[in-house]
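In what comes next, chain A is part of two complexes: it sits with chain B in the first one and with chain C in the second one.
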Partner chain A sequence: MGWAAIRAYTILVYLFMFLPVAVVVLLSFNQNQFGSFPMTGFSLRWFEALWNNDAVMRAFRTSIVLGLLTALISTTLGVLASLALVRYRVPGKNLITTILIAPILVPEVVLAVALLLFLNWLGIGKSFALLLAGHVIFTLPFVILVVQARLVSIRRDVEEAALSLGASPVQTFFSITLPLLMPAVAAGGLFAFTISFDDITGTLFWKPGGVETVPTQIFSMLRNSISPEINALGTVMIIMTVGLPLLGAAIARSLALKRGV
Partner chain B sequence: MSVEAREKRQPWILLSPALGAVTLLLLVPLIFIVVYSFWLRSAVGPDIQGFHPDNWQRALTDPFYRYILLNTLKIAAITTFFCAILGYPAAYFITRSSGNKMLLLLLLMLPFWISYIIRTMSWINILGSSGALNTFLLSIGVISSPIQMLYNEATVILGLVHFLLPFMVLNIYVSLDGIDTNLEGAATSLGATRWQAFLQVTLPLSLPGLAAGGLLCFVLGAGTYITPLVLGGPRDAMFANLVFEAIITQLNWPMGSALSLLLLLVLGALVAVYNRFLGMSQLTKGLG
Partner chain C sequence: MSSVQLKNIVKRFGAFTAVEKTSLTIPDGAFTTLLGPSGCGKTTTLRMIAGLLDPTEGEIVIGGKRVNDVPIHKRNLGLVFQNYALFPHKSVAENVAFGLRYRNVSRADIARRVQDALDLVQLPDVGARYPKALSGGQQQRIALARAIVIEPDVLLLDEPLSALDANLREDMRVELKRIQARIGVTTVFVTHDQSEALAMSDEIVVMSDGRVEQVGAPEDVYNTPASEFVARFLGASNILGGQCVSHGADGAVLEVPVFGQVAVPAAKSPHLTGPGPAKLVIRAEKLLLRAAAPIDGTLTAPAIVEAVDYQGQSVRYFVRAGDETFQAINMIDGRPFAQGAQVHLALRPQDCAALPG
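Let's look at the complex of A and B:
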């Protein structure tokens, strides 16, 4: 195969990956009353419909609260564990790493069933608490992998300097290590939020009746009837999970440039 | 306490919340459903505790379950094959392109940030009865009424390939990017054609990435129940759908435990074989 052929093939593969999603965004601005093809003009009516749809707005609130709490807990646990693994000589490090990333080695359906049945047996039925526990456990490995990768590149000598100048380990952590860690913490938190915000596989097992997250709301709208609002909802989700991280990265970069780092 | 002893204890204090969470929320629950799978569902009241092999017997011998299990593995295998066919050349192009490598990589990461349910349902806009393809075919007069393209096994595979392709491309890319390009040059200078150099040097060296991507596609594909629900017809259930049905619809939790453990065992055996020959490090390389 010549280089030009490989290039054309790659373009087709990228089109395959993005065209359907682009169509979702395109159709969400369609004026047509059925929200399907053909495009008859530009309109924000489907976004307006979303805004006035109580069920959708409730799902958004649930997803955002769940995502933020998941990110907070998962990042805290993940950063502490990563610090231990990168900064200390821990016996049995490989085994510990395998245990910590086990939640992504086990199929999510199996994890969902096991957690639901076990917590139910302990008296915690389908509830927000169960959802949160589930989201924390399957975002944790991703946070640990991301944070660990970043931690390796942070030099230890700054911390050692602080310690040798008389700072206590706790002081050193909060005034030296944590600021240096912030990009890793932010990346881990963002990752956890996005994964939680997008999850449906486990969420359908854990959510109590009547509670919907955005993905499960889309799912139930798909089953009832193909409503054009779904495309608008999809567009909003794409903006949230793709646009916000890109914006965050851009802001972080411009701040870093200003500080001259 | 001596400084040394404290130094030794510190990592365990840092690790204990995460290890505790994984133990309590994953490892113990997994052991729990092993026990639960030997209980029995009763028509009224709580499940009957004890040691009853009935669920396992049914899970392993029921021809319907066996058919769905084999069909799930078949669908996962076809999906993995198409991911490899589509993904390898693209990964190769990204590795060797000079100008827009960063852009291509950034675009490749993008699908990971777009929700699975949206990427799955996006095909309804393309293939549905009022979707892009039918509208186009109607407008140029090839067909006179919309044709039913959705809700069959092929669209389930299409949805899975679309969902899993980025995992494949990324893993192959990571592996290809680590290969010294001089090796291919050396091969051609020794008389190999470019195609021979690729087949005998680059391709074998990139096999670990292909295997890691393949494993991810297979395991993730075989464990899904959302894609068949959204893009499949009533007869296109995969094994995870049986689990979902047992747990959520029929509330037969002992049977659901047995079925989900069977899925874990089958996919776990695959991961174990992979780990035996290639190790886990290649997988985490792609994720990190």
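Let's look at the complex of A and C:
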């Protein structure tokens, strides 16, 4: 009785969480203009409409470029910061770690306003670079957490062995440390990309006029009407933010299997 | 091949001195062991030779060249670690080839030398496998192959056998010595295991608390310890405090409890300088238990067996004679003495060593 109740309750919770998402995905394939059940037929017309909607496509391109740049910069900074914090004796190591991780703990709105006010105070206006900087600040902690955890598990003597065999410190990093770190770097990059791709709060504050990302585009579209295009756009976003990490995990696993690790 | 010289090396970590002013010459082509308990500075010394640590003071000279300012990757050393430290993301062949890639060796030569190295460690067919697919002993052989394929000036081994289980360790001991003798590379081996040190070394450097206690061939270090620490650390010893009553060219006479006057030959008392307080070192396997008192002029004393530790081909006894407890390791034929048995100790004076008190 007890277990059955818990099981039923659990299922209900999951339904509550995922049913709306499922509805959005289902309705995006609906032929009818108005979102209602039963569906009148299967169609990709809303995806086609998206494809032909210049504003949406522009937002999509912006989001992808923003996400990729965020991932690139965040992982680069994250790897360097982790190396410094794990491999070297840095004064104030704990303080630096806390500061780097802090953006996760601070509410995003506060962070968004703070950065905006700060740059305003400095007399720097909103720009794509600012938006990118904001996203990097916001995603960096995730990269650092993942990369640090992995770096700690890479034995120092493996790097020392490479050094003793004649590889310079830089060669050792690229031939030994980085390859061993790659799963964490890839995971951190995926995190950064999907977080950036999804983000709306900070983006609303930071984006310069005329620039829209996918989430802000959906937001502004919703203000006018509830178009089935939004369902289609939502579906595309779900595929990107859920599919990418799954794809990454699958690739990582097949690589690991090949090496017998 | 090169000799290694340490000149007045000191290594401090903050207020802690890991290695105190140490000078040492490791001869060309020899197998030299740094032996001591953990924390004695042996690994620190090895890491300074490797270039993984900088000495606080002093000079390190390899092959006649001062290398203090030469970074590790330019020292041309082979390094083998306790935990193998193979590159997990590279195949065995890639692991072994790694050092050659930084040495202007042609591709064909790399393949040939990798195969030669794998042959030398008797694992010719594992090149395509990944380290995870190998056993601990095999991984350590690959680590050795990777270190020697670059033809290092000095081979540094940091407790390479400690992670292996007992039987394998003894096989690897023989194997390692065979390979070292074959390529004749100057080798520095770090271990806390005295039997490894005794079995493998041309020369043993016994260390304690950051200081060198004694340097010598295994037989010398074992038979003629230079200090009480060495006597206790290598093998099982009984040490009796007493007085040196006479000292001359042919040896010293010590007055000790239980055995009375013991005449120790000069070769076994080189560190004794004259009459005064002295210690008698009696190896546990030189102290024999007899049912009847010996009559052939060896030293003897009645004793009672307090504990018996049966080990198959030998027995370790703890016996009490007078106010002293002795450890005796005897080979046995037949039955060992039982606990509580009345026995007679037998000891040849020339088997004892003497130390200054």
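Note that in this section the second predicted complex is superposed on the first by the 244 of 261 C-alpha atoms of A that agree within 3 Å, B and C clash if a C-alpha of one lies under 4 Å from a C-alpha of the other, contacts with A are read in each partner's own complex, and residues count from 1 in each chain.
The working rule: a contact is a pair of C-beta atoms (placed from the backbone, for glycine too) under 8 Å apart; a residue touches a chain by one contact, two chains touch by 3 or more.
Quick caveat: nothing in here was measured; it's all calculated off a predicted structure.
Novice: Superpose on chain A as described above, then tell me if chain B and chain C fit or clash.
Specialist: fit
Novice: Can A:T241 be said to touch chain B (first), chain C (second), both, or neither?
Specialist: first
Novice: With both structures superposed on the shared chain, find the angle between the C-alpha centres of chain B and chain C as seen from the C-alpha centre of chain A, to the nearest 10 degrees.
Specialist: Approximately 100 degrees at the chain A centre.
Novice: According to the contact criterion defined above, which of chain B and chain C contacts more residues of chain A?
Specialist: The partner with more contacted residues on chain A is B.
Novice: If we overlay the two complexes on their shared chain A, which of chain B and chain C does A:A81 touch? Say first, second, both or neither.
Specialist: Touch partner of A:A81: chain B, not chain C.
Novice: With the two complexes superposed on chain A, say which partner A:V21 touches: chain B (first), chain C (second), both, or neither.
Specialist: first
Novice: Tell me which partner A:T40 touches in the superposition: chain B (first), chain C (second), both or neither.
Specialist: Neither partner.
Novice: Is A:P103 in contact with chain B, with chain C, with both, or with neither (first, second, both, neither)?
Specialist: first
Novice: Is A:S254 touching the first partner chain B, the second partner chain C, both, or neither of them?
Specialist: Neither partner.
Novice: Touch check for A:S220: first (chain B), second (chain C), both, or neither?
Specialist: Neither: A:S220 stays clear of chain B and chain C.
Novice: In the superposition described above, what is the shortest C-alpha distance between chain B and chain C in Å? Please give a whole number.
Specialist: Least C-alpha distance after superposition: 6 Å.
Novice: Tell me, which parts of chain C touch chain A in their complex?
Specialist: Its residues touching chain A are 50, 52, 71-79, 81, 83, 85-89, 98-99, 102-103, 129-130, 132-133, 143, 146-147, 150, 156.
Novice: Can you list the chain A residues touching chain B in their complex?
Specialist: Residues in contact with chain B: 1, 6-7, 9-10, 13-14, 16-21, 23-24, 27, 34, 36-38, 76-78, 80-81, 83-85, 87-88, 90, 96, 98-111, 113-119, 121, 133-134, 136-137, 140, 142, 144-146, 148-149, 194, 197-198, 200-201, 204-205, 214-215, 218-219, 222-223, 226, 230-231, 234, 237-238, 241-242, 245.
Novice: List the residues on chain A that touch chain C in their complex, please.
Specialist: Counting only chain A, the residues touching chain C are 155, 157-158, 160-169, 171-172, 175-176, 179-180, 259-261.
Novice: State the interface residues of chain B toward chain A in the complex, per the touch definition above.
Specialist: 7, 10-12, 14-15, 17-19, 21-23, 25-30, 32-33, 36, 86-87, 89-90, 92-94, 97, 104, 107, 110-111, 113-119, 121-126, 128, 130-132, 135, 162, 165-166, 169, 219, 222-226, 229-230, 240, 243-244, 247-248, 253, 256-257, 260-261, 263-264, 267, 271, 280, 284, 287-288
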